[in-house]
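First subunit A sits with subunit B, and in the next complex the same chain sits with subunit C.
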Partner chain A sequence: MKELLKKLSEAFGPSGYEDGVRTIIKEYIGNDLPQSCELMEDRAGNLYFHCKNEDKPRLMINAHMDEVGFMVTGITDTGYLKFGCVGGMNPIVLGAKRVVSERGIKGVTVAKPIHLLTPEEKEKAPTVDGMCIDIGAASKEDAEKYTDIGDYFVFDSGYVEYGDGFIKCKALDDRHGCAIMCKLIDAIKAGACTDFDLWFAFTCKEEISYSSARCASEFIKPDYALVIESKAVQDTYGVEDERKVAILGDGAIISFMDNSTVYDRGVVDHLISICNENSIPYQLNKYISGGNDSSAIQKSIYGVRVGLISAPSRYIHSQANVVKYSDVEAMYEIAQRLITGPNSIVKE
Partner chain B sequence: MTELLKKLMLTSGVSGRENKIREVIRSEAEKYADEVITDPMGNLIAHKRGKGKRVMFAAHMDEIGYFVTFIDEKGLIRVGAVGGINTLAASYCDVISENGVYGIALPTEANELPKVESLYIDIGAKSRKQAEARVKVGDYFVHVPRLKRLSGNKYVGRPFDDRIGCLVLLEALKNVKDTDNDLYFVFTVQEEVGLRGAKPAAYRIEPDIAIAVDVTSVGGKPTSPKSKVKLGDGAAIKIKDSSVICSYELVCRMREIAVDSKIKYQDEILLKGGTDTASMQTSKAGCLAGGISIPTAYIHSVNEMIDMSDVKEAIKLACAVAERI
Partner chain C sequence: MEFIKDALNRLCSMMTVSGYEKKSKNDISDLASPIFDEISEDSFGNITLVKRSCKANAKRLMIDAHFDTVGMMVTDIHEGGFLSVINIGGLDTRILPSAEVSIYGKERIYGIVSSVPPHLKKDKKSSVPKIEELYIDTGYSKEKLEELVRIGDPVVIEGGYTELLNGFVAAKYLDDKACLCGALDAVRRMDKERLNYDIYVTVSAQEETGKCGASLCAYSIKPDFAIITDVNFGAVDKDNEYETVKCGEGAAVDVSALADRKLTRGVIKYLKEKNVSHQRICEPSYTYTNNDLVSVTGLGIKTLLLSVPLRSMHTPVETLCLKDIKSLADIIIELAYTDLEAL
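And then the complex of A and B:
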């Protein structure tokens, strides 16, 4: 899975421009599908893989293809690019970072060196309004040859394995979810049996709203949904124990609640029992924070029973997103056993 | 009615964990409805069939509380808030877990208004190990439910928000006379965390008219917002709150019905806080949406206060609207 994870994470795909990621996934899944399976897209940009099993409970597995990025909003007379953030970012992660545009133009976010900061500036947190992207243009006219207002940029930061099984890359949120789903689809193609009418939804624009996931849910009308995500944790430094959320390497996070969703208790209990029965490492979220596609899915149509598994992720929404590979493997194990297990998830 | 109210008040259920209170309401609703179902999110839908207008009433079953997120080495329980916890009102008050473990909610900063993420619960455990034997991460706590009669018609306790609305719906379901209207009485989930449950319920029912029955804050107290709503002045007909502008033709029709039926009512504009009205109004293709509110003082504290005469007017209004809208 690592090779696929590298390819997906390094692909260009900010919210609303997921085309590169979608193409990689489509090529990976290929055209040689079993008769009961189908690959399709909708107008929202979501990509679906459907494994037909009529009259069975419908299960939707969901991960989002998009990543956080930047959009050019103006070009200064001196040829620097003003930008806005696509998705939520702490401006402090934006100082002097390498970025790359949809046309492959490289740049650096501008931050004043410490030598030039006034004492007042040293005390203040930076703001996006005070920043720009330097693409090395000589003038406004020169910059306009390479870029235009509305162009996307993303972090230019590649895949590295380091330390005790850690992986660093931009956009691991949520390309590891996409990689897990591709591997699950591999298993289905290789003949793994499922007792669900099973859908995989690769969704768009999660970082700016959950509306594409709602489109997916309204299209599929699932009984159950499992969202595969990244969860921001800070298990290293500067945060009290009770606010660390989770620990990298302690297994997949099964969430009971976050800021946007209270997860279905039946689904949560089912996921926990899968872990206990198969000795898969998991942890519950030890702080309530963040939100994701689950909230839109849960409230869509007639209501959907929704669960969440996530990879504990350090430095999320920065150029150096870090996950531990063993946690990603644990998530694959949980999802794989969910889709091949009994279809009565919630016992009434 | 008081026996039923007691049962509704004393059975707990934080947002997303409404299973116990749902069973209490189900056993009551089944006596009077043609059909009672639970939807995937957990909303309880009681249907009284008719061929006329489809009218949906909604009151939420869930209440505010806490989820356990972390147990520290001293055996103190760290929690995340479920819904709008007023930390000033919550501090130094007793709480109880879903499994009956009793404790006290405390602020970490003793001399200033605590932030909600710094609240913790002391269950009297000496160590993490001792605490973990009784409470685990993911369990919920609520402030201890209470119901007490003060002088006259005034009652104090919790959680009137919104078990008093559940009572109004159950009484309306019981007392509604012959009508052509197709009536749905829905006990919703997850209102306190963002009006979440009512949306899929309305998507399923596709009502012509939707009315949320919930509490509203009153003016006139030293700590209360500027509001003309008063305890004892009757059922409140919602015009607006921070989540919704009620459908004006429905507001006017509800006032007419109240006047015709000699029901004591007051107009309500709630400045802060939303209700299921908003979710139902914008679900699927939309519907006419309004609200009947029960004036309540000190909402989201452990001592919410109501006047039972307002509740009686609210029941009459709900019945009259169900029959005549």
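And then the complex of A and C:
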């Protein structure tokens, strides 16, 4: 799965321009599908893989394809690009970073150098307004040959394995979810049996809160949904235990609640029992924070019973997003047992 | 330009955090030995490269470029594989969160400077983190890390060599390897027959931590003239134009109370006459370069300060135009052929 994870994470795919990621997934899944399976897209940009099992409870597995990025909002007379963020970012991680545009133009983010700051300015954190992208253009006219207002940029930051089983790349949020879904589809194609009418939805625009997962849910009308995500944690040195959220390496996070969703207790209990029965490492989030596609799905159609498994992730929404591979493997295990297990998820 | 590109790329990949320059002395020798007649080093970590003229008892022209860089040093090893660090030289902590680093312990180890995502920020206001509040994430256990890293090991902020448009390059630590690259290119292109001086290129240590290396070199060389080369602030968008120089418009002659007045004015006049393109910038008192200490070394040394415009100084994406390095080399060659006393 690592090779696929690298390819997906390094692909260009900010919210609203997920085409590159979608293409990789489509190519990976291929055209040689079993009779009962189908690959399709909708107008919202979602990509679906359907494993037909009529009259069975409908289960939707979901991961989003988009990543945080930047959009050019203006070009200065001297050829620098002003930009806005696509998705939420802490401006403190934006200084002096390499970025690359949808046209492959490379640039670096610049703020006023520290030597030229007044003492008051030195105390202040950089703001997006005070920054621009330097592409080496000689003037506005020169810059306009290579870029335009509305062009997307993303972090130019590759895949690195480090320490004891850690992975760093831009956009691991949520390409690891896409990679897990691709591997689950591999298992279905190889003959794994499911007792669900099973759908996989690769969705768009999660990072800007108006997620196309809502459209996916309207289209599929699932009974149950499992969202596979990244969860921002802060398990670094010096952080109070109760604020760490979860620990990298302690297994997949099963959430009972976050800032946008109270998860279906029946689904949560089912996920926990899968872990207990199969000795899969998991943890519960110890701090309420963040949100994801679950919210849009849960509150669509007549209401959907939704559950979440997520990879504890450090430095999310920066160039150096980090996950531990063993947690990603645990998530695959949970999802795989769910789709091949009994379809009576909630015992009334 | 091919030489400049290749040499600059090689120089930027060398680990030369202030105080740890000796780790890369062999790499410097490999790069310089085809160009120079003599190479020597001193106890402080300075390397002196000599190119002889054809004149007997020639006067000595020193050309200085420091090769140390800002960086960090490990100060503590914590549970969970996190390191505390302190800065070496003037580091801009605003650019540290989420930066990637290399720790030079028993082996080179990859690390990431910790940062807080928007989801978990305590308050809406963002402040500049102090270096004591940042930790380097290595992904190892404390026990494993203690085998690999010791307190005092140097840490480098990583960044590749990225080519931008119009011959611009973004890389880590072009300060001051850009000028060293220019000095090497100049000497490589010098016609020995026309040299008016024996040329002493000093690859000096610890400029970023007290500007000491070059002064030690000057003391032992006792040059008749010294050209100090360093980077200067390249204007970004509408930065104060009187405090900055423009990337792509050539190297600059710096006018300062601490550079020799007669030599500086003479050189500006001479370059104009010869139609050698250059910019000028004024730093009324301190220049914050090796110039300041070298000028008062021994019985005093006549110094000239030349600079290459650099944007995003002291970050892993320092950005310059390769043309400006060639411009620096062109100026140095012109001056090495001239009787500087007569200007």
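Brief remarks on what is shown
Methods note: the second predicted complex is superposed on the first by the 344 of 348 C-alpha atoms of A that agree within 3 Å, B and C clash if a C-alpha of one lies under 4 Å from a C-alpha of the other, contacts with A are read in each partner's own complex, and residues count from 1 in each chain.
Everything below uses one rule, namely that contacts are C-beta pairs under 8 Å (C-beta built on N, C-alpha and C of every residue); 3 or more make two chains touch, one makes a residue touch a chain.
Quick caveat, the model's predicted, so the values are computed rather than measured.
Overlay on subunit A: subunit B and subunit C fit together in the combined arrangement.
Contacts of A:K299 after superposition on the shared chain: subunit B is touched, whereas subunit C is not. By the touch criterion defined above, A:L284 lies against subunit B but remains apart from subunit C after alignment on the C-alpha atoms of chain A. The angle formed at subunit A by the C-alpha centres of subunit B and subunit C is 130 degrees to the nearest 10. Within the superposed three-chain model, A:E123 lies in touch with subunit C and out of touch with subunit B [touch as defined at top]. Within the superposed three-chain model, A:V262 lies in touch with subunit B and out of touch with subunit C [touch as defined at top]. Look at A:H64: by the touch rule set out above, it reaches neither subunit B nor subunit C. Once the two complexes are laid over each other on the shared chain, residue contacts for A:H176 go to neither subunit B nor subunit C. Contacts of A:V110 after superposition on the shared chain: subunit C is touched, whereas subunit B is not.
Within the superposed three-chain arrangement, the count of touched residues of subunit A is higher for C, of the candidates subunit B and subunit C.
When the two complexes are overlaid on their common chain A, residue A:D235 makes contact with subunit C while staying clear of subunit B. By the touch criterion stated above, A:R214 is placed in contact with neither subunit B nor subunit C. Minimum Cα separation between subunit B and subunit C in the superposed model: 10 Å.
According to the touch criterion, the shared surface of subunit A, contacted by subunit B in one complex and subunit C in the other, consists of residues 243, 287. Against subunit C, the residues of subunit A that register as touching in their complex are 76, 78, 80, 88-93, 95-98, 105-116, 122-127, 132, 134-138, 142, 146, 156-157, 160, 162-166, 168, 232-238, 243, 245, 287, 289-290, 314-320, 322.
Against subunit A, the residues of subunit C that register as touching in their complex are 78-82, 90, 92, 94-95, 97-100, 109-112, 114-121, 125-129, 133, 135, 137-141, 144, 159-160, 162-168, 170, 233, 235-240, 243-244, 248, 311-317, 319, 321. Residues of subunit B touching subunit A in their complex: 15-17, 19, 39-43, 67, 69-70, 72, 78, 80-82, 117, 137-138, 190, 193-194, 196-197, 199-201, 203-204. Considering their complex, residues 223, 241-243, 256-257, 260, 262-265, 268, 284-288, 295, 298-305 of subunit A touch subunit B.
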